[in-house]
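Next come two complexes built around chain A: one with chain B, the other with chain C.
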Partner chain A sequence: MGLTNHFPALILAILLGISFLSPILFRWVRKASAPALLLSLFLALVMAVYLLIQTTQVGEFSYYMGGWPPPWGIELKINLIRAYMLIVVLAVSLWIMVYALKDLEHELKTDVLGWYYTLYALVVASMAGMALTNDLFNLFVLMEICAISACAIISIKEDRACLEASFKYLILSAMGTGCFLLGVAMVYMVTGHMNYDLVNEYLPVAVEQYPNNMFAASALFIVAFGTKAALFPLHVWLPDAHASAPSPSSAMLSGLVIKIYAFGLFIVFYQIFPRSLLDSIPLNEIILWLSSMGIMFGSIFAMVQVDLKKMLAYSSIGQIGYVFLGIGLDDTIAMTGGFYHLLVHAIMKSMLFMCAGVIIYTTGIRQIKQLGGIGQVLPITMIAFTIGSASMIGIPGTGGLISKWYLALGALEIGRPIFVVIILASSLLNAIYYMPIIVNAFMQQEEFAYEVKAVPRQMLIPLIIGMIAIVFLGVFSRPVIVLLENGLQLFF
Partner chain B sequence: MGEATAITIILFVIFFPIVMTPILMSASGRSEKLRNILALLTSAITFIMVLTLYPFVVRGDIIQHTFFEILPNLEISIRLDVLSFSLTALASFIWFLCAIYSLDYMAEEHGGSRYYPVLIFTLGSCLGIFLAGDFFTLFVFFELMSLISYILVVHEETEEALKAGYKYLVMTIIGGLALFFGIIITFELGGTVSLGVGTIINEGSLLALLAFICFLIGFGMKAGMFPLHVWLPDAHPVAPSPASALLSGVMLKTGAYGLFRVIFNAFSIEVMQTSNWDIILGVLAVITILLGSAVALTQNDIKRRLAYSSVGQMGYVLLGLSILNENAITGTMFHIFSHAFMKSCLFLAAGAIIWKTGKRAISDLGGIGREMPFTMGCFSIAALAMIGIPPLNGFLSKWTLGLGALDANATIYVLVLLISSLLNALYYLPIIVPAFFEIVGEDHHGHALQFDVQDATPKMLASMVILAICTIIFGLSPINIPFDLSQMTSDFLLRGGLF
Partner chain C sequence: MGTLENQIVRITSRLVAPFIQVYGIYVIIHGHLSPGGGFSGGAIFGASLVLVALSFNLEVGAKQISHDTASILESGGALGFVITGLVAIALGANFLANQSAGFPMGQTGQLFSAGAIFIITFFLGIKVASTIVTLFYNIIEGEDKSGDAH
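== the complex of A and B ==
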């Protein structure tokens, strides 16, 4: 064993390490910096897969940093769901990075590339940490790291819109972390612990003794994670931030960063909070209705957008609603759907942002109405866009259908068909704003009106991988579904 | 031949056209002729392979085979019984004729490199619908066919076509989502969506009603049922004529087929009748029949009139499904056959006229029968069959449906059938009669102008004539395979659809 025992910590160490090394490498051995980042993401991914295999064999296990057990030391915990999150984060970020190599040359000044790698690695490291940590204070620290580096990968483009958007993001996100810290403080006040399991152990008593305290704490948690994950109506920062950022950052932010906070909320609700608290306050009800509104309004706002990336960003608000819906429905089947959607949406939204990135890279246009006839000049890109959109709508054969299937089944299971109607209505809305783009792209008679550069192969290969992944998830969904179902059993 | 052979043939029939699609695409880069021949061959081979399944069906075999589970209890499977065979054979036959017709029709049109692959791909997915072994597989192929046939609808790429296509697309997606909802509820209530278990939902509840309504929306939308027919009169006329013939002749039937499966496999006749859902269907069917025929009267564009006529005719199919006794089911099933022959023939003939003369307005068609006697002859035969003149097949289907209605003591339905026949006569005869008897440009002294006989090309005529012959021989002739199949189907379904 030896080294393999330390994999949970090593994943974080490698990612943090490369983030410090990147600027140095970039300065001295410029050629090596990007491969080094890719390599470390890849190593981390391999380790994460190893952890997944290990946890399927031995069940849930913990890793104590420096050998100190809680409540003193930092505890990292690995179970199926966490390993799943870890793999999603690492695999998708590796995939986005492959694409980013070419795209960033175009979007950023060359000198800041090294810094971009640093920030990118930091975002990934903090997300991986959030998936692994078993300690509220750690979670807070990682949230801060993630928020600040996420802001920085938006503003690194240094144009006016980016700065404005990242400032807005920074403020709202600071508000979110502030709320979180207050919530943690309240929990700490009544339980005296930060470790998830210990908090969970002491909370049932604390809830009885200090109910108001815990009400406030749960409200603060919802606001905190809601702001970070763009849960309606706390989504206001998202469209600007995701639309103006460089395309790989948009893919990263929309695909992964908002999801990890949804995961955070899941952990707080189902690992930290005792069942009695969830039953006594209708927390899930709040999540359900907010997410439903997010699903509807996100799509409705997306319909009126003229900028392609902004449309995709609004669409993310709707889609993150599905994940929250899965959490709020409080049923294994629905939650399986929510977590499956987390993966599917990470891939499809990243791919759509990549498509938008390719379009911007090759033609420089961003407006939806300028895209008429683009299917003839960028066929592969637009086919990828079509498959991504089909998955958004939930056309059979794509991953989007499977997650909707499970969410809807879960909603029926607990006897609330109204949420099925919401899911279906939003699918229809998705169709209404994605379809015209595709139709215009392929069916327009007149020639495409703008000059087109050749698409670099490094950008096309990730798109092709994405297409395959989406179709694969739509057809061979079983292994992942089984994994999620087994993983979620721990929480019920 | 054993079951394994049949499974292989079924798989071949579904996937051969789908596999040929990319080959056609690459062939069209080399030579148009090669592509056309390949397309024709594909549809011909598919048709012949479908026919080889006939012995299995006549023996009364049912083939239900699961390939793999996509999710627990949710599988990809195929099924062959007499119902699916009937529709498969019908679809591949009409497809083959339309492919022949397309050779000349599309020769002067643009975008053949897109048309043929899509035509063949829709064939595969359409057969997939009929041969699916559970609702989920059916849904997958249904969506595939609906979405891909969008390309056929907007083929002309005119403003009008794009607009109609958009309407089609939105309605298709609404229908697809409704189906999805229905299938999910079925799954939730019954724990499976397989067609091989007989009845999935055994009793009517609120949720079951919701499922039924969702299925009705999903499949009814495709079948052009009132009030979801609005896309149909726009979408069918704008497509190229062979595609219109397929859309009206075959693809509408996928909706009817879906309703068959819903009524007999998801629910059962008892559930339908005890919960009074047959009345919902009956009322909608009557409105569909009358509305379709009445609006067809007001249309001046020949293809639009045909499209509205399709709405009315699909109403017959729904009517038979709501009566649910042996004669009615036989009649419905036979009407699916008859309508496919008649309406494809009509659309192909109308297409030939438009192709040759460019005239679409019915008021301009006076005297066309003298210029294009064969085309108009086929058109007339099919139109007379529509009206229900014996001995054509339209008569037989109406007769059987009428018998079914009388068996169920629903005299009102017979009345509806008669009124609709009258309406059919009112809107078809004004096309046929002037076409032959109005002499355009005649001076008052009776000196008729010379007519050049310029009929459609032999290939186009061939498919029309074959269809016209079908409407005649499948009327009252003693050997009537479609009618036998319809009777077998009705017998099979009323015995529970299991054995």
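== the complex of A and C ==
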């Protein structure tokens, strides 16, 4: 055993370490700073894969920070779902970073690059921490780190739109974390514990004694995670923030950051709250309808956008709705679909933002209507865009279909066919705003009207990997689905 | 330059600054014994550097600690925290473990006691003091640039 015992803490230590190291590296050995970040992300990913293998063999296991067991110390916990989240976070962020190396040179001033690596590593570390931690207050701290560094990777571009968007994001996500802290305080008041398992143990009694307290706490948790994850009426910060940020940041924020909060809500609902609470208050019903509205309205808003990145950002509001739908449907099959969508959407939305980044890098245009004929000059990029869009719509052979399929199956199983209708309708809506771009890009007769720079290979390779991953997830979905089904059994 | 009011401020702050710094260091290294610790001590120490820079000018302030040094110390302080945690792993205990990793505990109530906490508080102090200075410089430099930025 030896070192492998410490992998849960080492993942965090490595990511935090590299985030503090990269400003120094950037100052003294500039060439080494980007490879060092890639290397540490890769190491963390290897450790996460090891943890997944370990947890399939021995089941759930814990790591105590500083050797202090709960209720005193912070506990990190590994089970299948958490290891899955960890791998999604680390793999996607490694993949985005490969792309980012080239794109950032173009979008940022050189002297802030070192700080960008710091912030990027901090976002990844905090998300990995959220996937691992088993302590409410620790979760709050990590949410705060994630929120602040996520704001910073938007505002680092220092133009007017970015500053405005990140300020809006900062205020709203501070409200979100504020609500979360209040909710944690209420839970702590009635249970006297912060550790998820201990809270879960004491809550059934507490719910009966102090029902109002727990109503308030659950409302606060929904608002907190809803704001952070852009659940429908709380999404107002997202379009500006995700559209104006540098493309790698957009990919990161839309692909991963909103997902980890959906995961947070899942943990609160199914690991912390006792079953009796979920049965007595229609919490899941609230989530279901909010997410359905998000799915519909996100797509409708996306249709009227003229800016490519803004359209992708609105589309994220719709897509995060699917993940919440999976959580709200309260059924293993639907939740499998939701979690599968979490992975698929992380890949496809990041890839679409990368495509948008390549288009901006090579031509400088952002308007959708200027994209006519771009397929002839940027073939690989636009093929990647096509595959990403196909997966958004849910065309067979792409990962998007599988998640929608499982969501629909789950909705049917618990006898709510209305949500199948919503899923189908939103697929149509997705087609309405993605297809014209593709058709225009490839079918237009006229030549592309703008000047085009050559696409660097470093930007194309991540796109190709993304395409392969989406098709792979669409064709060989079984291993991931089995993993998720096994993992979710722990929560029912 | 050279008005009487300036002189009063400068002489006072020059006199007071060393005492503030000693007090800051005192709060930092007594973090495990008395109220305060890395954060408050670091803030006190950083405030003394900001005070000097405010009452004289930026060049004098930069002579004490330059922007670059401050931001290197800032990263270094945080890195020291992580490394202390890793040392515990190297010694065969869990991440950030203290007594169980074999850090010398010393006599309770003595200055050199409490093992890793003493070390971590020290690094925290460095981190916070340099963060305050870095923040100050960033705000000042942001103001200089703002004329032509937008």
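Everything below uses one rule, namely that the second predicted complex is superposed on the first by the 492 of 492 C-alpha atoms of A that agree within 3 Å, B and C clash if a C-alpha of one lies under 4 Å from a C-alpha of the other, contacts with A are read in each partner's own complex, and residues count from 1 in each chain.
Rule of thumb we're sticking to: contacts are C-beta pairs under 8 Å (C-beta built on N, C-alpha and C of every residue); 3 or more make two chains touch, one makes a residue touch a chain.
This one's a predicted model, so the numbers in the text were calculated from it and none came from an experiment.
Asks: Overlay done on chain A, so just call it for chain B and chain C: clash or fit.
Replies: Superposition check on chain A shows chain B and chain C fit without a clash.
Asks: Who does A:302 touch here: chain B (first), chain C (second), both, or neither?
Replies: In the superposition, A:302 touches no partner, neither chain B nor chain C.
Asks: Taking the superposition as given, does A:417 touch the first partner, chain B, the second, chain C, both, or neither?
Replies: In the superposition, A:417 touches chain B alone.
Asks: Looking at A:475, would you say it contacts chain B, chain C, both, or neither? Reply first, second, both or neither.
Replies: After superposition on chain A, A:475 lies in contact with chain B alone.
Asks: Mind telling me which of the two, chain B or chain C, contacts the most residues of chain A?
Replies: The partner with more contacted residues on chain A is B.
Asks: Contact-wise, after the overlay, does A:78 reach chain B, chain C, both or neither (first, second, both, neither)?
Replies: In the superposition, A:78 contacts neither chain B nor chain C.
Asks: Check the residue A:396 against both partner chains and state whether it touches chain B (first), chain C (second), both, or neither.
Replies: first
Asks: Let me test your reading of the model: by the given contact rule, A:142 touches which partner, first (chain B), second (chain C), both or neither?
Replies: Once the two structures are laid over each other on A, A:142 reaches no partner at all.
Asks: Students often get this wrong, so check: with C-alpha centres, what angle lies at chain A between chain B and chain C, to the nearest 10 degrees?
Replies: If I round to tens, I get 160 degrees.
Asks: Identify the partner contact of A:439: answer first if only chain B is touched, second if only chain C is, both if each is, neither if none is.
Replies: In the superposed model, A:439 contacts chain B only, not chain C.
Asks: In the superposed model, how near does chain B get to chain C, counting Cα atoms only, in Å?
Replies: Chain B and chain C, overlaid via chain A, are at closest 41 Å apart by C-alpha.
Asks: Is there a shared patch on chain A that both chain B and chain C touch, and which residues make it up?
Replies: none
Asks: Using the touch definition up top, name the residues of chain A that touch chain C in the complex.
Replies: Touch residues, chain A against chain C: 3, 6, 9-10, 13, 16-17, 20-21, 23-24, 27, 63-67, 158, 160.
Asks: Any idea which chain A residues touch chain B in the complex?
Replies: Result: residues 393-397, 401-402, 404-406, 408-409, 412-413, 417, 420-421, 424, 427-428, 431-432, 435-436, 439, 443, 445, 475-478, 481 of chain A touch chain B.
Asks: Could you list, by residue number, the parts of chain B that touch chain A in their complex?
Replies: Chain B residues touching chain A: 69-72, 74, 136, 139-140, 143-144, 147, 154, 157, 162, 165-166, 169-170, 173-174, 176-178, 180-181, 184-185, 187-188, 207, 210.
Asks: Under the definition above, what is the set of chain C residues touching chain A in their complex?
Replies: Residues 68, 71-72, 74-76, 78-79, 82-83, 85-86, 88-89, 93-98, 100-101, 149-150 of chain C touch chain A in their complex.
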